[in-house]
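Two complexes follow with chain A in common, the first pairing it with chain B and the second with chain C.
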Partner chain A sequence: MIQAENITKLYKVGGNVIKVLNDINLQVEKGEFIALQGPSGCGKSTLLNILGCLETATSGRILIDGVDTSRLNDDDLAKIRQGKIGYIFQAYNLIPTLNAYENVVLPMLFAGEDDGKSSMAAKRTAMLLKSVAMHDRMTHKPSELSGGEQQRVAIARALSNNPSILIGDEPTGNLDSKTGLAVLDILINLNKEGQTIILATHDSTIAHMASRIVKMKDGRIINNSSTKEH
Partner chain B sequence: MNLNAIKYCLRQGVVSLFRNFWLAVVTAGMIAVSLAILGGFLLVALNVGQILYNIAGNVEISVFLRDDADQELIRTRLDGLDGVREHTFIPREQGLTDFGYALGDSALFAGLAGENNPLPDMFRVRVGESDMVEALAEKMRAFPGVEFVDYGEELVARLLGVTRWLNAFFLAISFLLAASAVFLIVTIIRLSVMARQEEIGVMKYLGASNFFIRAPFFLEGMAMGWAGALSAAVALGAAYHRLAFSLQREALLFFLQPVTDPEKLWPVFAGLLALGTVMGGLGSLVSVRRFVRA
Partner chain C sequence: MAMKWRIKAKLAQKNLREYKIRTLLTIVSIAIGIAAIVSLIIVSQSMEMAVGQRLGGTVDIIRALPGHVVPGRDFVPYGSFTEESAIEIERIDGVAATSNWMVEIAEVEYNEISAPVELMGGNPKDFKDFMGGVIEIKKGRLLAEGENREIILSVSTLDHINRWLQADLDVGEVLHIKSREGEMIEFTIVGIMAYDLAGVEVSHRLLLSKEAIKEITGTEDVMLMLVRIDDLGRARELAEMIEDRLDEIHGVSGLTTAVAPGQVLDQIRLVSLLIQAVVIGIAFIALIVGCVGIVNTMLMSVMERTREIGIMKAIGAIKKDVLELFLVEATIVSLIGGILGVLVGVAISFVLNLGISRYIITDMELIISPSVLIGGVVIAVATGITGGLYPARRAANLKPIEALRYD
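Moving on to the complex of A and B:
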């Protein structure tokens, strides 16, 4: 349902051109949990950003649910990100001026699902916060929450518009191992309920909980294997 | 507790405004200064216009008649001319008396009375607007029975020249001031965008359209422009009120009276407010279109 075909990404830095992604082909099936592994600087974040329609590839194309995204304009790409992609970050990146509830409802606002009165949006937000056990902290600002709590709110936010795929760029990277495992637990449960997930991670214990590990090096995929065959 | 689009954009705009509070104050202050100068120029122009109008309204066209002229015919012709404010018939006898008074020695002219009077009959015509004097005089010249027509050609020409020059000057200065204020807003909004770069990045990940990302900055710019314009209007209004009041009390020449008619003054102040808001909106629009993309 997400298909990357011959993705190449070049960056110009000063006079030099660096090839960050080199002919990447990747197919993500519905219900998969993919771990993207590789040394720092190998291009994991860049690939996730291109899969998430935040950056465009220099060549190649991304198909999301059959739609070729390379021909879309800014606003159509924004619509894909609203409806099909949920993103979680290493640094949580909640909007600091909004409380937990408002952070989760925000993508619904962007998607036009919340007009300020919709009880559907309110119910869904409460349900999402409950699913990450944050429903008793709805009115807290991010600065009043711990790192693990912020990341749980961020997961609820990423699920806000019921995305086809949840993309995580080292979502446990800033957390201690216990809190990190709790967050991972939430993700594993979501995957069991059918949520498609792709995570970049340095942590091989996390990687081995995934259904498939994709290894990258120097902008190429060097190993693409199911953990069951491992 | 729910958000809606307007509430969200307003709130983010306000937050952004207060994040750079002193910068916003300085920007609003500079907009206020440039708009106050602009407004000051406009008020001066308004007053100069009124003074010129007063002077021009006192420019008389003298229409001298031939002996065989039909006075009634000319009277109806004058009534039929657009732009003529009033006209008075001066019979030659009265012309002589007036002339004597003007020279301060009426006795000297006694001998010129009656048959010896060298003056013709005439109409004194007052005109509404100074730039019509020339055209109207030309038309009167063509009336039957008119000997010749006279008016302060040079004075009128010079006044018109001065007004045109002043208007061009005001226009140029105003344009320069407005342009620099807009440039200032572009810069400030750019700083504001840079300060919120990370948040904008996150909003993009969450699927915010250009509208949602740009609207708060747009509101921020408009608010600065509006606050600047409001302070300019209030300060200028207070200053003008005091100045006009003291000028009036000085009982200067009638044509130096300041403009106090609210009908003429309010468009200047309303215009300043509108202009400040538009400048703020325009500046932030330019900045946001250049520096923020979803």
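Moving on to the complex of A and C:
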């Protein structure tokens, strides 16, 4: 469902050109739970950003459900992010002025849905918040929530337009291990229900809960193996 | 699919409330500009209308004055007319009637305090026939025909002499005017005018009969001749003829001034055009200030919310969504500023009118046309959108990943 072909990403820093990603090939199948592992600066985040259509590769192409995203303009990429991708950030990235409910419903509103009390969007938001056990705190603003709670809201938001793939860039990186595990639990359950997930993580315990571990170093994939039969 | 307008408005409103002080300051800056524009336009339109209306009653009257206007200076009087010259003027084809007026300076006295005033005298009958359009009696009546011991004056002149004489004179009361021989002649106030002739309060004027002035001053000099004409279309031509004829009668050249009513209206129009030019200038500056204010506030807002914009883009906002979210904010701010500005502008007009009605044009009626009110709001919103455009586009064009990295 997601296919990365010969992805190379160059950054210009000062006068130097740095090759952050070097000829990456990766295939993500539906229902997979992939853990992307590797040291800091190895290109995990950049790869996820490119898979998640937040930035574009210097060369190579990404196919998402058969659509070549390397040929799309900014708005078409935004629409792919809107409908096919759910992104979970390390820093949660909730909008500070909106409460939990409003943060979760927002992607649906960008998709043109209505926000009335009995609308589809409202029902789905309530359901999503319940699935991450945040339904009793939906009128709280991010500043009134703990890190774990914020990340749960962020997961609900990532799921709001029923994405093909959930992308998480160190989603437990800012959480203590207990809270981190609780968040991970939610992700594992989502995967069991069929949600395709790709996570970047430092933590090998987390990595071993995935169906496949992809190891990266210096902008290359060095190891690509299943942890268990799926 | 893009976000619905209603939802954009809701989100924008939420953001504006989140940044209350900044929103308020922007609203105030726009409101000040719009209030200035609206009040200046209302006042200048009202003044033009008031003066035009009051002079409107004299459209068929040419005013002839002994003297001439020296360029760059005021009117310089020279000599005077006589009753005989008026008879000559009446012979001109197109002239229907004339009316002679005398103007003198005198002193009024009340309880042994005196005050300088200007006396203007004509036939009591002429007050109605020639000045009817510019006199509005507020209390009492006009001078009675054949009655030479009566005076009328405007509210503001009455106020003035009351202050000067430390008196509380009103209709029916008596004051004294000192004659050239030093004799005190008794006059009764019979009427109070809403405003001085044509509503322009330049001198403190008592109106009385010509005979009374002759008695006070001992002269028969005619200082103003009003000439009623038959044909309005020939007003200018007749004014020139009257000038020439009067020059001829008095053996001078170019020392008589006859003003056709249209000329006065033209002068008023010129003055009000000047006022309006100044108004437009101020309006323009106010608008630029308002516009720059919005650009500044919105740029700050875009910068502060860069990360938020990145988040919105990451979760699927297209450029148009972001652009419009910011433009809706600018529109709401400027709309509120505009409405507030219009309201304040109208209030300022009323306050200004208190002063104008008292010192310049008595009882001026404010002309508040709906187009000025609507125009004020429209201009505010146009300013808001113009000012919001650049920051909004900057926000819309942010790259999501760069915006997300912004702290």
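Here, the second predicted complex is superposed on the first by the 224 of 230 C-alpha atoms of A that agree within 3 Å, B and C clash if a C-alpha of one lies under 4 Å from a C-alpha of the other, contacts with A are read in each partner's own complex, and residues count from 1 in each chain.
The rule we apply is simple: contacts are C-beta pairs under 8 Å (C-beta built on N, C-alpha and C of every residue); 3 or more make two chains touch, one makes a residue touch a chain.
Keep in mind that this is a model prediction, so the values were computed, not measured.
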Taking chain A as the common reference for superposition, should the pair chain B and chain C be classed as clashing or as fitting?
-> clash
Counting only touches as set out at the top, which of chain B and chain C does A:E55 meet: first, second, both, neither?
-> second
With the two complexes superposed on chain A, say which partner A:A122 touches: chain B (first), chain C (second), both, or neither.
-> first
Is A:M1 contacted by the first partner chain B, the second partner chain C, both or neither?
-> neither
Which partner does A:Y101 contact after superposing on A: first (chain B), second (chain C), both, neither?
-> first
First (chain B), second (chain C), both or neither touched by A:I186 | neither
Who wins on chain A residues touched, chain B or chain C?
-> B
Check whether A:D74 is in contact with chain B, with chain C, with both or with neither, and answer first, second, both or neither.
-> both
Tell me which partner A:L63 touches in the superposition: chain B (first), chain C (second), both or neither.
-> neither
Quick one: classify A:F110 as touching chain B (first), chain C (second), both or neither.
-> both
After superposition on chain A, the stretch of chain B among 63-71, 135-143 or 279-287 that runs into chain C is 279-287
So the chain A residues that chain B and chain C both touch are 52, 54, 74-75, 78-79, 81-83, 87, 89, 93, 95-97, 106-107, 109-111, 114-115, 157, 161
Footprint of chain C on chain A - complex, ascending | 49, 52, 54-55, 74-75, 78-79, 81-83, 87, 89, 93-98, 106-107, 109-112, 114-115, 157, 161
Report the residues of chain C in contact with chain A in the complex, numbered from low to high.
-> 1-4, 7, 10, 14-15, 18, 307-308, 310-321, 399-401, 404
In the complex, chain B touches chain A at residues 1-5, 7-8, 11-12, 15, 198-199, 201-210, 212, 293-294
Within their complex, state which residues of chain A touch chain B.
-> 52, 54, 74-75, 77-83, 85, 87, 89, 93, 95-97, 101-102, 105-107, 109-111, 114-118, 121-122, 138-139, 157, 161
